[in-house]
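Would you mind keeping the following structure in view while I ask a few things?
We call the chains A, B, C, D, E and F, going by the order they appear; numbering starts again at 1 in every chain.
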Amino acid sequence: MSGGDEADRVRAFSEFRQRMNQRILAEDNQVVRRFFALDTQTYRAGALDVKTKELMGLVASMVLRCDDCISYHVAQCREAGVNRDEMFEAFSVALVVGGSIVIPHLRRAVDFLDRLESGVVGAAPAHDHG
Amino acid sequence: MSGGDEADRVRAFSEFRQRMNQRILAEDNQVVRRFFALDTQTYRAGALDVKTKELMGLVASMVLRCDDCISYHVAQCREAGVNRDEMFEAFSVALVVGGSIVIPHLRRAVDFLDRLESGVVGAAPAHDHG
Amino acid sequence: MSGGDEADRVRAFSEFRQRMNQRILAEDNQVVRRFFALDTQTYRAGALDVKTKELMGLVASMVLRCDDCISYHVAQCREAGVNRDEMFEAFSVALVVGGSIVIPHLRRAVDFLDRLESGVVGAAPAHDHG
Amino acid sequence: MSGGDEADRVRAFSEFRQRMNQRILAEDNQVVRRFFALDTQTYRAGALDVKTKELMGLVASMVLRCDDCISYHVAQCREAGVNRDEMFEAFSVALVVGGSIVIPHLRRAVDFLDRLESGVVGAAPAHDHG
Amino acid sequence: MSGGDEADRVRAFSEFRQRMNQRILAEDNQVVRRFFALDTQTYRAGALDVKTKELMGLVASMVLRCDDCISYHVAQCREAGVNRDEMFEAFSVALVVGGSIVIPHLRRAVDFLDRLESGVVGAAPAHDHG
Amino acid sequence: MSGGDEADRVRAFSEFRQRMNQRILAEDNQVVRRFFALDTQTYRAGALDVKTKELMGLVASMVLRCDDCISYHVAQCREAGVNRDEMFEAFSVALVVGGSIVIPHLRRAVDFLDRLESGVVGAAPAHDHG
């Protein structure tokens, strides 16, 4: 929650996410595996481009208040070319729709974005589920 | 909830929304009035265009499962040039992020979109709060 | 959802609520019955007075976006002496904490309050569960 | 919301759901179609039987407070052999986990269950998405 | 959030939960104490067995996205004889109902289950409130 | 999540909040800045006093289950003169409205309150957004 050891936290989280995703997909549960495949497919370019889809994923994650999902989509948005002003406009939509309860997540999102921009935190891997 | 008298329902709702918005804004509560002004300002073109912002508002409304907000943003999206395929891609993001609990709202959103496209339901008024 | 037949809707809802509460309490499920008893107990005067507790119940209902609960607590607040300006301040807290997604519920809450004040809708019964 | 014209409401809703599901599946959006297929697959017997899965779907729908989903799973539970006492125990879990905000949905669930048991409302169709 | 020091985290959390529950129950607030008693009563065998009730508690916790509640019910489910395949079917219901926003919680649930199965984390105590 | 290093965690969080709020307000996004100003304005004395407004903010934060917001409003409530019995009555309203899913947040709220009362954690700063 503090920003002090954020870089380590992000790295540890990234490894944890990769490891657990593999663990989950190794399980013999077809519904779960198909859901993960569908999640990946959702953000591919179609009638809407990847940038717009990732912005929608970001705003949805913010109003539902899931920090891991927010970090993930902030990184994906940056990969898709969303600049800082655009990111803050997405934040503003989430803040107004979702209310002040979104503010703690906004703070962590901005901190994460700062670290991405300063290079402390590496780029996101290819889409790998939430 | 049924589709049978949907057109009347939409008209009645539209009148109700206008009337109550006026009633609320006539009240001497500055926080509420400022919130309504801020809500309008949020969807104006800036670093992101109106179309992208309305799509974000639509997806946020769907994952938070508010029918009135969804209808409103579906109409606004159409005004901003979102076509049917794009609308369904926005629906698909909301469905995958928010889960099957979104499905009843998706059905009503598609019904509302069908009526907008067939001209049964008129265009949305200028942005007037949720 | 429209305001047109609101008075009938409120009366029908009130009868439905009474009838179903009796039906539920007649059932042989001790957990459900105890929960209903606990719900009633929660809003009794204690360290905080009834007015403050009903205002808290109102704001909680608004940010969780449950129209039936909102109507119920608006009526209870009025019984407890909450005036219109105070009611709107409670609305403003709910709006800022919960965001624009609360607006459709705010409209219906204000419409319900208008009807209570004009005498179209009768006073609330003693606390009877949500 | 009132119980008076509930039977008509249920019939109209059932027709609306069927019609809109067909409309949605006719659309050329693979993510949405795959999600609907996955939703159906989720409740098939596997390591857990259909009855247990439908009870889980019911409780999930109640704590997320979606009336259409609740009605759907109440009907499916009955088809799977859940009796009235068992149904109320599922209700009690949802009520305690989700709180008094669930009560309005509980009232409508019990009313729907009463109608199912009295034969006023017909059995549910095979699983067809939320 | 990372899996690295999860065992310590679980132990520390378990002690914290016990200590705070005692602290809360020592307080002179009858509503809170009665709620805790009711919570315990909810999961006792009745028309439905403990296993089914704990599975419903698990799915409710997942769609409401509360990690502490999920860990608690995963442990209780295991005590009640839920095997790994059954656990994943419960996860799949929660994932499909609640959407991709559930995925981060699913990862932590699977990590916790892995540790329970490997014996790193001890069995759950008797039901003690959330 | 454990209580062991809670004092450090609170201090680190407090510094993080201050720093990120400044960072966010320095950004050239008028909607976000206006929202923050509106959030501050919301809790000022008006028709209702500060104590009642902070109690409403506390209950709203608990039913929406945001730990940072809960800690913030617990501290603000204490500054506004809310005593321990009153605080627990606010907790009881949140618990009954929001259900057992609120319990983990209640535990952390009580731990935070204990530390405030023992002087381990300092008083809250003037209202500064969530």
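Please note the rule applied: contacts are C-beta pairs under 8 Å (C-beta built on N, C-alpha and C of every residue); 3 or more make two chains touch, one makes a residue touch a chain.
Remember, it's a predicted structure, so these values are computed and weren't measured experimentally.
Participant: Once the contact rule is applied, which chains count as partners of both subunit C and subunit F?
Facilitator: A, B, D, E
Participant: If we look at subunit A and subunit F, which chains touch each of them?
Facilitator: In this structure, the chains that contact subunit F and also subunit A are B, C, D, E.
Participant: So what angle, to the nearest 5 degrees, turns subunit E so that its CA atoms land on those of subunit F?
Facilitator: Rotation angle between the two copies comes out at 120 degrees.
Participant: Considering only mean CA positions as chain centres, point out the chain farthest from subunit C.
Facilitator: The chain lying farthest from subunit C is A.
Participant: Quick check: more C-beta contact pairs at B-F or at D-F?
Facilitator: Between D-F and B-F, contacts are more numerous in D-F.
Participant: If you average the Cα atoms per chain, which one ends up farthest from subunit E?
Facilitator: Farthest from subunit E by mean C-alpha position: B.
Participant: Calculate how many whole Å lie between the centre of subunit A and the centre of subunit D, each centre taken as the average of the chain's C-alpha atoms.
Facilitator: One centre to the other, that is 32 Å.
Participant: State, to the nearest whole Å, the distance from the C-alpha centre of subunit A to the C-alpha centre of subunit E.
Facilitator: Centre separation, subunit A to subunit E: 26 Å.
Participant: Compute the distance, rounded to whole Å, between the mean C-alpha positions of subunit B and subunit E.
Facilitator: Distance between chain centres, rounded to whole Å: 37 Å.
Participant: Touching at least two other chains at once: which residues of subunit B meet that condition?
Facilitator: Those would be 31, 35, 38-39, 42, 60-61, 63-64, 85, 88-89, 92, 95-98, 100-101.
Participant: Indicate which of the five shapes (line, ring, star, complete, other) describes how the chains touch one another.
Facilitator: Contact map by chain: complete.
Participant: So in the complex, the part of subunit F that touches subunit E is made up of which residues?
Facilitator: Of all residues in subunit F, those touching subunit E are 1-4, 65, 85, 88-89, 91-92, 95-96, 100-101, 103-104, 106-108, 110-111, 114.
Participant: So in the complex, the part of subunit F that touches subunit B is made up of which residues?
Facilitator: Touching subunit B: residues 30-31, 34-35, 38, 41-42 of subunit F.
Participant: Mind pulling up the subunit F residues that touch subunit A in the complex?
Facilitator: Where subunit F meets subunit A, its residues are 9, 12-13, 15-17, 19-21, 23-24, 27-29, 31-32, 35-36, 39, 60-61, 64, 66, 68-69, 129-130.
Participant: In the complex, go through subunit D and note every residue touching subunit F.
Facilitator: 63, 95-102
Participant: Quick check: in the complex, which residue numbers of subunit A touch subunit B?
Facilitator: Residue list for subunit A touching subunit B: 38-39, 42-43, 46-48, 52-53, 55-57, 59-61, 63-64, 83, 85-86, 88-90, 92-94, 96-98.
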